[in-house]
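Right after this note come the structures.
Each of the next two complexes has chain A plus one more chain, namely chain B in the first and chain C in the second.
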Partner chain A sequence: MAAKLNSVWRTLKRIWQLWLFYAKLDLLLLISDVRLALIYFSSELLTSIGSVIGLLLLAQRFDGIGTWTLNHLYVLLGYSTLVLGILNTFFNYNLSLISRRIGRGQLDHVLVQPQPLWMIFITEGFAPLSGLMGLIPGILLFAWGLIGLGVSLDLGWWALLVLNLFASGTIMMSFNYIWGSLAFVAPRSSEEISSSASRLLDQLKVYPLDGLGGLLLGSLMTVAPVGLVAWYPVRALLGLNSSAWSIWITPLAALFMLGIALFCFLKGLGYYATTGSQRYSSLGHRS
Partner chain B sequence: MPPQVHNATAHSDIVVELQDVHKVFRQRQRSSRLSETIRHMFKPRIREVRALQGVSMQIRRGEIVAYAGPNGAGKSTTIKLLSGLLAPNAGRVRALGFDPINERVQYVKRIGVVFGQRSELWYDHPVAASYEWKRVVWDIPQDRFARTQKRLIEVLGLEEFFHSLARELSLGQRMRAELGLALLHEPELLFLDEPTIGLDVLSKRMMLDFVKELNRKQQVTVMITSHDMAELEQLAGRMVMIDHGKVAFDGPFEQLRQTMSDGRRLIIETSDETAPSLEGAELIESQARRHEYRFDASQIKIVDLLNQAAKQTSIIDVETVRAPIDEVIANIYQSWRKPKEVLELEEAL
Partner chain C sequence: MIENGLGQQTIIRRGRWTRRLAKYAKTASMAASGYIGDSPLFMFDYVMRVLRVLVLLSIWRIVLSEEGASGLSLQAVLTYTLISEVFFSQLNPRTSMEDAFWQGTIAGRMAQPLGLFEQFTSETVGRWFFEWCCFSIPLVLISPLLGVNVLPASLGAGLLFIVSLLLAVSVGLALEYIFCALLVIWQLPLWVMLQIRSAFITLLSGAMLPLAFLPDLVGEIFSWLPFASMASAPLQIYVGAGNTLLLVLLQVFWSALLWPLAHWLWFKGREGMISYGG
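== the complex of A and B ==
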């Protein structure tokens, strides 16, 4: 037992060490050139705002959407921006869009590193400074909405918020990995499909899905789990669902999706070991 | 049941062992004809490319092995198998006592790999940052890292561009930086896949001298592929040649030369401009009073050729040189080219 605990401690220490290093690399990259940093921050900030501004204007014009008040919508938009911000913070350098890494022959660089693949995947893309411009608007919108709603929140609620945020991020990542694993077989097509799949979740995640028909809503909660990225967890966190258990649905769904993503990725990795990179096949990239 | 004998263990003399290794890739065939293309939609025509067909070899600790062969012979496939990037269809691959695929993490800690056409450097960062990255990811102790880095900067001449962005380096600088990066953790086994491709003469020499020195001083085992045979001959004591996925030659360079013939060049400077006609030698160039002949020393003696020449003209100067290794290899590759019918028959079988 002690040996096992020691091993877990060493692994956590290692992850922390690698995160610190990659954070330093990120910092060095941005501060090495002030112009680069300003351009990068501005474009990231505009992208973050741009992804929510449409719905924000509609909500302002009509003082909410359906049963969602303006403040509820601020929370929803803040939450969805935070999810993307977390992904950009932890899985930069194409680690969230894995089809690019696989399809462009970059997996070989990963395989020659003396670390388990999972550890490389959760550390190598850590870029806290680059991800900051996704997080700040998210935090502001979320806080604004919460203050407007005037709800009193305890520590347990904040813990559930963090759990749900990471669960939503895991769902987005898993969805990308499921489609991205196609790149083991058909890199070019996979990059197109995977980008479209990722965009689908990214662009629809801001909308409240109340009032949709059963089939459509069911699809958006399972096949293309848009609802689990922001709408459903925010409903659960704000107590808009009838069951208190609904707060656990997103984390459970995240575990399930992660399982499917792991299965697809490991299957693909096995295929990769027998065929190598498909970069130069008729279905691959040359550039 | 007797215990299985494992060579290429962590402490054995043999560090790399390939036993009857096969690797097959499947390649879909296309047609330029519409009817065939439609038929292939439902019944694809698949060609099996046998990249490796029963390759067996061993490399001893401290050896430098040149691994050569024509394009598509299976060189890069072998390096990928040994780097843990590909698994064989059949046969056994072991290096430093590890199975490169199933014991990847432990194994890659002790090897270095340089792919001439790929980069391990972080392009948007200075070379120094990539070296620091290597220290952290490979978990190299700080004092050992500082010592090795200092030595590599000196020997490979990295000082002038060590703090420049990797994307701003020239090809020669980049390859030197790549080699340094691959050696930072002091690997026991080094795979170099066309490391000198595109380099100028000086950069090539610097890199090869360094690898030789590394091998001599630290007993690092090296396996290098290249199309530059003169470079391989300068570096390696042993040559393994592969053709159509099979080992076609394994031995010293000297033996390789003798396999084809003992090709030599005879250069004679005569008193007049007419080149003497020599039986058993082929005139390949004649400029003013300088005439160059190609001949096989195992078939005819130099003294007989000189006697023939002396009877026709007066000789001022004589020089003999061995045929360049590139010429020997080109002849070997040429002799390996099989007629189309033979290849088709082999594929059908």
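== the complex of A and C ==
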């Protein structure tokens, strides 16, 4: 038992060390060129704002959308921005768009490292400074909406918020990995498929989906789980759903999606072990 | 003799133009077929666009009553949204020039026996044909199932829409080449700038939300910018909203202003481009 605990402790310590290491690299990258750093910061900030501004202006003009008041929408937009911000902070450098790495033969760079694959995946894309500007608008919008709603929130609610944010991020990542695994068998044509999958969720995640028909809504909750990225968890967190159990739907769906993603990825990796990549060049780019 | 000489000269000139047009057509056809060869999973993006239009239509039905708002009826807004998606690529024309910078293949493009603008424009148009067949026409065909009337406000509006759409493409392509030239001149990081551009262009152009639905001053300012000539103008004409003459004149103005600017910027920036990419 003690040996097991010791092993877990050493693993956590190693993850922490690697996060610090990649944070340092991120800092070095940014301070090596101040102009470039400013461009990156502004771009992250503007992109985050740009992804929500349309719906914000529309909601402002019509004083909400359906049953969603302006404050509800601020929370929804803040939550959806936060989910993407968290992913960009922890899984940058194409870790979330895995088909690019697989399709370009760059997975080999990871496979030769003296670390388990899963540990590399959860640490190598850590870019806390590059991703910071994507988080700030999300936090501000979310806080603004919560203050406007004037709801009293206890520690349990914040714990559920963290759990749901984590679950929404897992769903987005799993969706990207499920599709991205196709790049193992079709590296050229599927190189950008994770980007397409990510774009699908990213573009639609900001919308309240209440008025959609049953079939479409069902599809957007399962096949293309847009609704689970922000709309459904926010409804549950704000108490807009009638069932108290609804708060657990997104975390459970995240577990399910993670299982499918792991299955697809490992299956693809097994195939890759027999074929390798024909697209690899010594420069590390596609051929 | 003179007549013969002039006649012969005319034939030579026509032959040269025919050959040049044939080159453009060949480039366009290669780009169109390249879609399937390079990425058989291109349908994924079309699925996303169908879902996006379905969500937007549903939001308009929630937000607007039958009378609509800001002079646009609900039916007009639904038509606006659907037509915007049908002509998405024409209302926001994108060439593969940025990609050529990234790949470093732009240098090879300069050695080809066609002007750069002509090459990239031909490729872009080629991809449009494919998209019309695989996405735009099917979307129009299923529009009755979505409860949307895709017909223009009148025959005149439909005809003027074609003129306005051509002008919109002209303004959009000019802006695209200006954007590319600025990337080179200012040595900006490509993907970062593309990200910012994508985030704002749909809002500024009125492709997603009619500019009339934006807060008063914001919508008014946006409607005078060149981006509005890319999407808002033709879409307004299609649904019979706005001052048609003013919209078309504004498009002509921006087109006449932006193309010389694009050529000038490109002329200024092309020396710098050699060190860019590769």
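By our rule, the second predicted complex is superposed on the first by the 276 of 287 C-alpha atoms of A that agree within 3 Å, B and C clash if a C-alpha of one lies under 4 Å from a C-alpha of the other, contacts with A are read in each partner's own complex, and residues count from 1 in each chain.
Going forward, a residue touches a chain if its C-beta (ideal position, glycine included) is under 8 Å from a C-beta of that chain, and two chains touch if they have at least 3 such contacts.
As the structure is a computational prediction, the values presented were derived from the model and not from experiment.
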| said: Is A:266 touching anything from chain B or chain C once the two structures are fitted on A? First, second, both or neither. | reply: neither
| request: Quick one: name whichever of chain B and chain C touches more residues of chain A. | output: C
| When the two structures are overlaid on chain A, which partner does A:275 contact: first (chain B), second (chain C), both, or neither? | first
| chain B versus chain C as contact partner of A:162, first or second or both or neither | neither
| Taking the superposition as given, does A:28 touch the first partner, chain B, the second, chain C, both, or neither? | first
| request: Go through the superposed model and pick first if A:192 touches only chain B, second if only chain C, both, or neither. | output: second
| query | Touching A:220 in the superposition: chain B (first), chain C (second), both, neither? | reply | second
| Looking at the overlay, does A:255 come into contact with chain B only (first), chain C only (second), both, or neither? | neither
| said: Considering only the defined contacts, which chain A positions touch chain C in the complex? | reply: 36, 39-40, 42-43, 46-47, 49-51, 53-54, 57-58, 60-62, 65-66, 179, 182, 186, 188-190, 192-193, 196-197, 199-200, 203-204, 207-213, 216, 219-220, 224, 226
| task | Could you pull out which chain B residues touch chain A in their complex? | result | 25-26, 28, 30, 80, 83-87, 89, 101, 104-106, 108-109, 113, 115, 118, 120, 122, 124-125, 129, 132-133, 136-139
| message | Applying the document's contact rule, which stretches of chain A touch chain B when the two form their complex? | response | 17-18, 21, 25, 28-29, 105, 108-109, 111-116, 273-276, 282
| request: Name, in rising order, each residue of chain C that touches chain A in their complex. | output: 38-41, 44-45, 47-48, 51-52, 54-56, 58-59, 61-63, 69, 188-189, 192-193, 195-196, 198-200, 202-203, 208-209, 213-215, 218
